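For reference, the structure I am asking about is given below.
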């Protein structure tokens, strides 16, 4: 009820957004209402998670497909995702209250923002294929318009184009996938699909299409191409939603099909998903390290985290198919936990990127620096976010990665040799990705917030409205809380995964509350709470020791820097120079990264120049190839437009004769 | 001795012991290089002296620069606190397993690198970038090691692993050997020893760790140095504990009385291991030369592959 | 309608065959005037066919069709076209896109195809015997063939009307088909002619020749 | 015999009004001098036609030899008269501005309005005719009237387009006539001589005994003949130029209505075939032509520089999809095909309304010269965006529902056929969206007149039809009236 009210409120808000015109307070009002509506949805989701019966009642509305009107239903899974989604949406809306005044054209954002929220929530509660796809496309459509908010910039238009194409591709995959699940009679209701039997071939195709369709929206390599273009193009609070939340909706679709509608996916697909996830994670973070644009970097890191989640999902599928229910539950919990965490810290990071852009007008790392002193709040919150996404204890990012590792380490217990050998490899990929993520965010944070300002804009970063700062602070606190009370979260998740894996996930009882020990107490355990407490006390102790034994005197002076005394901020390390070792080590063969140095002759006063060239093979070969093919064919076909009437008649004549021949032949038989 | 007491002893033991080990390594090295060298106790004096000095902080530094030493030190300290040195009966043992251990070291590194970049000098950035690059291969390698260990012993918690090995769960195995090799390479990288990094270097374009802490002075520098020493001790405890766990006290119900005795034995064994390993390290460092910066990748990639091989070989030994 | 003797059917086929022959002749002609005369002859044969059908089916309304064909197609249209050719000074030879010989061979192939197609149709089961169906279809196809193998607009128009002759042939030989069809034919052809006339004048104003090649030189949407 | 064929409907019969009003007003408009009055007479006539077509919904007249109304053509009649009405309203505004630009003389305008009504009449007659011959005559007449209107501007391109249109469609229609005669021949032995053997209502009942071989032959000719008017590749060549060169209201009715009418004729014959049972199944032929149209059009879209040709090709694409759906057959696919016919005609005519105003504003039809519509004319621009997204098949618009049904049902039955279908749709989608982004976003281009923003009365008049259509399509995308659904379902059943 609450949920329905909130959704309809969002729709009406869109209309208000259209009417808002140029009055800034009206836009603010819309954002406030959005925040309230999504808060209501959040509450609704939490309430449902709290109550025990798994699935809520089906609501059937008299629209949608004529003979089988629209079905909606809220079960534990969708309730969980409703929580995930709306934490993000509340944050983004509150952020938007202050942020919308800094947008070039708020009129092109405000009307579509509520629609976007509506679309994402509607996907979660849809209970038949048609409504699911309608909401799904609705979501894409709204976000496409939001990507076009700053439509005068040709890059944004190109990004929007690619985005909508990939969205359509994904939709067609899901369309055909549901077509298979529904069968020729068209049982498009999810309940009917669950019941429908599947032949091996259809079962294979269903999974393939689901992975393609949902994967393209979630950003699995090589379908990720649109993501780093589209997410940064949108206004930052929308980018936060697209990266932090919309990708989760895509994964919701994946889980819904693979774990619920299909239900009996073979372990081979699990292995394939793990591999794809691993590749996605590594490639994503490598791309991210090479980026100089703050938001593009964040978008690529989203790709990486999606890969990590997918590793968890694939592992869970493999376990489930091999009958290891408890481990399947563990892996799934790990995946879901990482989704929750990522949605929080990625939202936080994108919002802080928005804050930086608002304060400085710069999004290029090479022009930032020293922001921590100008914007202490944002700086601190971002530091927490960066540490969390780098999977550092005691923050939330580490817990989920710990869980994924724990389940990975149980992978070799699977009977299949492919898994026995594949799991360590995927584990190595995951570890590599995690480590690279840390260096990626040390780079980003160190360059943007630490050191000395690299441009006048960065030096003159101005003050931000309170709503923006508070949003980030709250999200940062969430990161810490979710990291320190992991057991509470996993208990909440157990109710969600029970219908999907068939077992009730619980941490082993013999250690008790703060100890997260998934399999058994001797199997390895972790406690964010204890670690946090001990760490803090040791921190205090070390302070006491140091101050007890020594002085507390501090003298401010110029930087020592081996006596080099460079005052120009250009002498600092830049993003590219920081990335150089990684680039040389990993990207030389992968992205054909090349560096060319132009040294001037001795006596020549012109500056030396270092140019870096990186080729993205996926763009160049996969997408570029498709584009060239279409162009070539279009050129050929286009000739038909310029023939003489006689030739057109000839075509008609040929068609007629051909068909007559067909009839003649078929009549003879 | 109860778990609480053992834990407290352990916490202060590692801190107290760390400078001595470092000092011993330096002493042996200088002897091998034909110098008399400072006494093994010199590091204690150094640290004390640094604590007395006032801390000089660059104008461009932010609070991150001043907080980093404390965070780094306490993170490493925490990590060292959960690695069994003389007994496996530790209160905090369940709080962190090998994975958490890696992550705690990562936390320390994260802050050190940020501190390196905070002042905004070329050297700081250089050090941070190289350090992160090294870590990006060392961490996976170490995780692979813990992967193979957990496959062998069925657990990721160091105390459990040690208990398992002491219980005779594992004989001499190829994968154990590979894992040991990988772990040693990681340890070299993590502690910035030759051939990856030279702890005694200054004003060189090859320095990594030193470049990050270049701006530190006074108590901050003391903390950073201390963190490095504790980290070295930590790795010795890890290697010695897992691959040569003999003498380690394992709590068992029937021998509660003789427990203290067992722990004394464990302590002695630990000291012995540390000095053996320290001497070995010194010899090793004297024998080989430092490698070029961009060869790190090959070295650590090798470590990663060794870790991977360690897991793969398990199946082979299972299969036969 | 009473039973129809075999001989009367054969007569109908004979006349139909004449129409078909005329169709072949149209393909064969090289000079515009000859084309027009041949077309007049075809229309004449068509009129005869319609008349004969009217007689044997004793369906008086078919005489109207016969008259229409005779007056309109055999006389007015050829005359009008002659006049147009004079008026617009179109050069008198037929420009072919495909050599006469090949055109004839294609024509024969088409006739073969239409016979092949009507073979399965069981004899006397329909109001129209296989033969006349085959004849009509051949005439239609030949008309179409003529349209696509000639550059000159007048010949194309003639081809189009030959096609319609085939239609009428089929229609009149279809037993008891209501008058509506013939009316529509006449009506459409009339409109068609007037339209052609209009077009020719317009085209005359804007282009120098009736050759469609030139008409097609200008095309919208070049990029 | 002729007598009982031509018994006219009585005055209580709405059909009389539906057919009589356009015919009468066509004659009246031909003699009416003042074009301002003429536009309103035009609208008024369309209103009467539409209202009387609404009467059909509850009381259907009994079928006669000449006219009949059944589940299939009832909604098409209503649709046709509705789009006829909205287009009349739009053309009132459009013509006003054309005369401002002094592109049309009074005589042309008189001719235009009279022909417009005549065109409506022929289409409505084709839809309601119970006699294959009458239907053929009216389709032919529809061709002739539109040929005249396409050549209205008397420009080189217009003449050429009209010439092409005339030649190709006359040949096509001739072939269709041959098919019609063949059907009569197939039916005659069973039904006996005369009009009975040409009446749909009577034939469909006894089609089982028809001569199957003749039906096969007939269907080929009908397919090529009427298929030319539907614009199926490779018979489509007339369509883009005819749409592009005529006045935009005519493009709207050509795309929105004439194609439907031709398709309707085709489907009537398909009903006979599937009722007969012995004849060869026409499915493969239809699927082949549908796919070829889809792909040809999809690739063509990438190279179009002329906005009206662009959407003309998108019409070809959608006709291809519809034909494909009917070729697939089965309740779902047929339902989808019927739905798609309706949605396409509403959406596409709406798009042409927008295109008309856009090209009048920009003073050009070149896509390259049209920029940033959403900035320069928000109301028009966003309406255009919605319309194009709808035709591209994005929810919650109606086209999405039909495409959803086509693709899913096809994939469930023949995945190998669904893959090219989905690919083609994706291709066309890409082309349309890229063009849309060019025109609707970015820096506004040079604007001759700020018309088309809801400022003046005439521009409101011009914009209303577009938004009304979009509203209908939106509603249909989420909710279809029960009656309509039941009609569709029954027709789908007959289509087999």
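So that you can tell them apart, the chains are marked A, B, C and D in the order they are listed, and the count of residues begins at 1 in each.
Just so it is clear, a residue touches a chain if its C-beta (ideal position, glycine included) is under 8 Å from a C-beta of that chain, and two chains touch if they have at least 3 such contacts.
What you see is a predicted model; the values in this text were computed from it and never measured.
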Give me the step distance from chain B to chain D, shortest route via touching chains only.
2
From the Cα centroids, identify the chain that ends up most central relative to all protein Cα atoms.
A
Could you tell me between which two chains the number of C-beta pairs in contact is largest?
A-B
Chain A and chain B, separation of their C-alpha mean positions in angstrom:
35
How many angstrom between the C-alpha centroids of chain C and chain A?
69
Just give me the whole-number Å value for how far the CA centre of chain B lies from that of chain C.
100
Distance between the CA centroids of chain A and chain D (whole Å) is 44
Residues in chain C with touches to at least two other chains are numbered 117, 120, 144, 147, 156, 215-216, 219, 221
Among chain D residues, those touching two or more other chains are 163, 167, 171, 175, 213, 217, 240, 303
Which chain B residues touch at least two other chains?
none
Which pairs of chains touch each other in this structure?
A-B, A-C, A-D, C-D
Interface with chain A, chain D side, in the complex: residues 163-164, 167-168, 171-172, 175, 213, 216-217, 220-221, 223-224, 228, 234-235, 237-238, 240, 280, 285, 296, 299-300, 302-303, 330, 332, 372, 374, 389, 394-396, 400-401, 404-405, 407-413, 415, 418, 422, 425-427, 429-430, 433-434, 437, 441-443, 478-480, 482, 485
For chain A, which residues count as touching chain B in their complex?
369-370, 372-373, 379, 383, 387, 390-393, 398, 402, 405-406, 408-409, 412, 417, 420-421, 424-425, 427-428, 431-432, 434-436, 438-439, 442-443, 445-447, 450-452, 511, 515, 517, 521-527, 530-531, 534-535, 538-539, 541-543, 546, 549-551, 553-562, 564, 566, 569, 571-573, 577-582, 584-585
Per the touch rule above, chain D residues touching chain C in the complex are 1-2, 5, 131, 133-134, 136-137, 140, 144, 147, 151, 154, 156-157, 159-163, 166-167, 170-171, 173-175, 177-178, 180-182, 184-186, 188-189, 192-195, 198, 211, 213-214, 217, 240-241, 244-245, 303-306, 309
Note which residues of chain A are touching chain D in the complex, please.
62-67, 129-130, 133-134, 137-138, 141, 148, 151-152, 154, 157, 160-161, 164-165, 168-169, 172, 175-176, 178-180, 182-184, 186, 188, 205, 630-631, 633-635, 637-638, 640-641, 643, 645, 648-649, 651-652, 654-656, 659-660, 662-663, 666-667
Residues on chain A engaged by chain C in the complex (per definition of touch)
641-646, 649-650, 652-653, 656-657, 660-661, 663-664, 667
